[in-house]
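Going by the order they are written in, the chains are A, B and C; count residues from 1 in each one.
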Amino acid sequence: MSSRSPVFQKGLLSIKDLSTNEIEEVLSESERMLKVCRSGIKADHLRNMIMATLFFEPSTRTRLSFESAMQRLGGGIIGFADPSSSSTMKGETLADTVKIVSSYSDVIVLRHPRDGAAREAAGFADVPIINAGDGAGEHPTQALLDLFTIRKEKRKLQGLKIAIVGDLKNGRTVHSLAYALARFRNDVTFIAPRQLQAPADIVSSLNEKYGQRVEMSESLDAALDADVIYMTRVQEERFKSKAEYLQFANYYNINRNFLSRSRNDVTIMHPLPRVREISPEVDSMKNSAYFRQASYGVPVRMAILKMMLSEK
Amino acid sequence: MSSRSPVFQKGLLSIKDLSTNEIEEVLSESERMLKVCRSGIKADHLRNMIMATLFFEPSTRTRLSFESAMQRLGGGIIGFADPSSSSTMKGETLADTVKIVSSYSDVIVLRHPRDGAAREAAGFADVPIINAGDGAGEHPTQALLDLFTIRKEKRKLQGLKIAIVGDLKNGRTVHSLAYALARFRNDVTFIAPRQLQAPADIVSSLNEKYGQRVEMSESLDAALDADVIYMTRVQEERFKSKAEYLQFANYYNINRNFLSRSRNDVTIMHPLPRVREISPEVDSMKNSAYFRQASYGVPVRMAILKMMLSEK
Amino acid sequence: MSSRSPVFQKGLLSIKDLSTNEIEEVLSESERMLKVCRSGIKADHLRNMIMATLFFEPSTRTRLSFESAMQRLGGGIIGFADPSSSSTMKGETLADTVKIVSSYSDVIVLRHPRDGAAREAAGFADVPIINAGDGAGEHPTQALLDLFTIRKEKRKLQGLKIAIVGDLKNGRTVHSLAYALARFRNDVTFIAPRQLQAPADIVSSLNEKYGQRVEMSESLDAALDADVIYMTRVQEERFKSKAEYLQFANYYNINRNFLSRSRNDVTIMHPLPRVREISPEVDSMKNSAYFRQASYGVPVRMAILKMMLSEK
């Protein structure tokens, strides 16, 4: 495909590697893939091709939607699902694992606990690497499905007030999302407990490289006039102690009471799983977009895999 | 398919939800699927479709036969195989997990330690749920393959004396089987240690709702004149202590000596795995039907998946 | 296929079961499969067929390359990946497991910690068993891909000096390789610490049955004039204590210094994973063939599966 970008030939490591045009190309292809899913059209683009899912850190949701996407396009799957299965790689460097698995597969989807692991892996692989989350680093396919969801819900990607809420220090999902949103003209507000606010280098990089200014607040009330509220889970596994985690676990909560004070048409998003930050009573309200958001994981990942592999 | 029942559109939660006609429809389709398996005819009915296997409790046998069935029909698989892989769902409700996974898949096969989990899941899913065992509740696809086996072995499903033996208190498999057999006219005997006899509400429900009277005994000799003896394993994991388990582990045993006293043409069945309740010396006798029974797991589950999904 | 050998109908248990002609047939078919992999030709030979991978001992590399091979030929996969998932088979004999799984699948790939487990399993299975490693026994598909690699690197399989280095006592891979090489006329040297030298019965069997004489040495310098050096890992899991393991862990090392003294065109092979026995500085040298060797795991296993199943 003449329009295929070199970025996709190398893989997808960071949302920052994509041009705005490339992001829009993914969103358009995702729309076509959504039609394929809904119509039940048989797809055979990636027949006999193999996707390896190397998950050095568990992530059922990301893994299952990738594996569904690959098989909906006719491809096959190899890999391991969690750190204990990968113990068989013990004593082996990531470089060796990636070199070997890249000779068994056409694309590698990598989840790893260490920041920068995906880019390191790409240096050794003969096939494209998709970063499915590396430490507190990035999670670009989540950012793309988040953008897709906002456009589906709001019919546009510009001129919105978007509040991102929760653990913004450790949350790779929100880092990737902020860099993705920065390509389009939106007001962005980061809402977090002071200790979990986004790292200063991310805030300044957003401003300097993309001209994206960010409001910051500790109060959920700063989201009352938002068009989109993106909630995130405070992830227990990122804290050193249970006590430290519990200090923040119940910091923010979206419930019917909050929504009676917010914009009537506010869209509530969440990468899931949620714990206590969105009350189940919200699920049946038209504002709750998080299950639709999850469902877009399949067509968006189909689009990425198809753009990356189908002309190979 | 005009004959497709609404039950199958919702899924398959309990054998009680199926009419006798629907059960017979499954058995006929299973016969056709058995021919497909044996002839090696290429089947493509469920191409690009995805079955999710969510096993919150391990069950290699049920899971592998479902996954074989789905792939023999051209479909793909996502999911997790045991509780440790599903630890990634930690902190998430069954409702949320099911909602999300149902947006990645066309059918969910659920094994869960809690009675009623499958019906609860069905309330939240956008795709059919197949109950692959919920606590001491039900296991309807096992019951259907058991019926299929009896019909293959005996050439009929009526007028038989069928003895069901073992832990009838905790055994969901035998509960589902008893409800399935109750649709056809057979003499049923429950043989169990007094403490592991079938719950009174099941015995009375069989009688009141289906007119199925059940003989009860503590002695395996009550099976000497049976046409079919259905043995079950005393499941260690259902007991509170090793000591309590050991009290019952060796209660009943089918061996060549017993078979010299039983009906010459008795059929021995077992859902497997067996531990000590059938001696290996029986395996080579014509009476032993349990490995044939296991093999029917694939065509019967192919039939169920095809009836549920192929017209979607 | 008229040329299909009865050995392949039973499965592939030991390299010793194959005639030299049969080995050459596998190598030729592997060459064709390598072209299929590289050209991206769609292959459909094993559509709807199911390969079961029963790994009672973890082995990510062997498992992933088998699963890639099966899917590149259009087939599907069932199974379990490590001992903990197979705990669900607890209390069940290998015979019962194999009987049941063989009724769900068209071929079983078995990895087991016990010597002779594969041959035992074959006695009970209704489908071919492929031995993917049994204890300190054999690993015949690894031996075939090793032969394939030597022929690709050296353009011949005769008249070579081949040094096999490392733990030759516990290494099933090298036992199978030695029996494979013995069919062709090569000089073979076993280099190992005295305590880890190859068992005497293997050395005498090579000599008596195949006329293969073996040189033995404790010094890596005995490999200086070799055409091929086959390094192996000292496997921690085969030793009783960490102390005993550490005694041998760093015994041999291939590095640039060693290669400055060896034959200029020596080929370095390794079944991987490597730990310290080959320094990473060697990876970029033309002599290092171990990643190419790993990559041949897919076409060689495709060849074996296709020869075993495609005429079924």
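We adopt the following convention: a residue touches a chain if its C-beta (ideal position, glycine included) is under 8 Å from a C-beta of that chain, and two chains touch if they have at least 3 such contacts.
Remember, predicted model here, so these are calculated numbers, not experimental data.
Enquirer: For chain B superposed on chain C via Cα atoms, how large is the rotation, as a multiple of 5°?
Expert: Superposing the C-alpha atoms of chain B on chain C needs a rotation of 120 degrees.
Enquirer: Could you classify the chain A-chain B contact as same or different, where same means more than half of all interface residue numbers appear on both copies?
Expert: Different residues, largely: of all residue numbers at this interface, under half are found in both copies.
Enquirer: Go ahead and note the Å separation of the Cα centroids belonging to chain A and chain B.
Expert: Going by mean C-alpha positions, chain A sits 39 Å from chain B.
Enquirer: Residues of chain C that touch two or more other chains: which are they?
Expert: Correct list: 84.
Enquirer: Would you tell me which residues of chain B are touching chain A in their complex?
Expert: Answer in residue numbers: 47-48, 50, 52, 76-80, 84-89, 91-93, 95-97, 99-101, 103-105, 312.
Enquirer: Mind listing the chain C positions that touch chain A in their complex?
Expert: Of all residues in chain C, those touching chain A are 40, 42-43, 58-61, 64-65, 67-68, 71-74, 81-82, 84, 236, 272-275, 280, 291, 294-295, 297-298.
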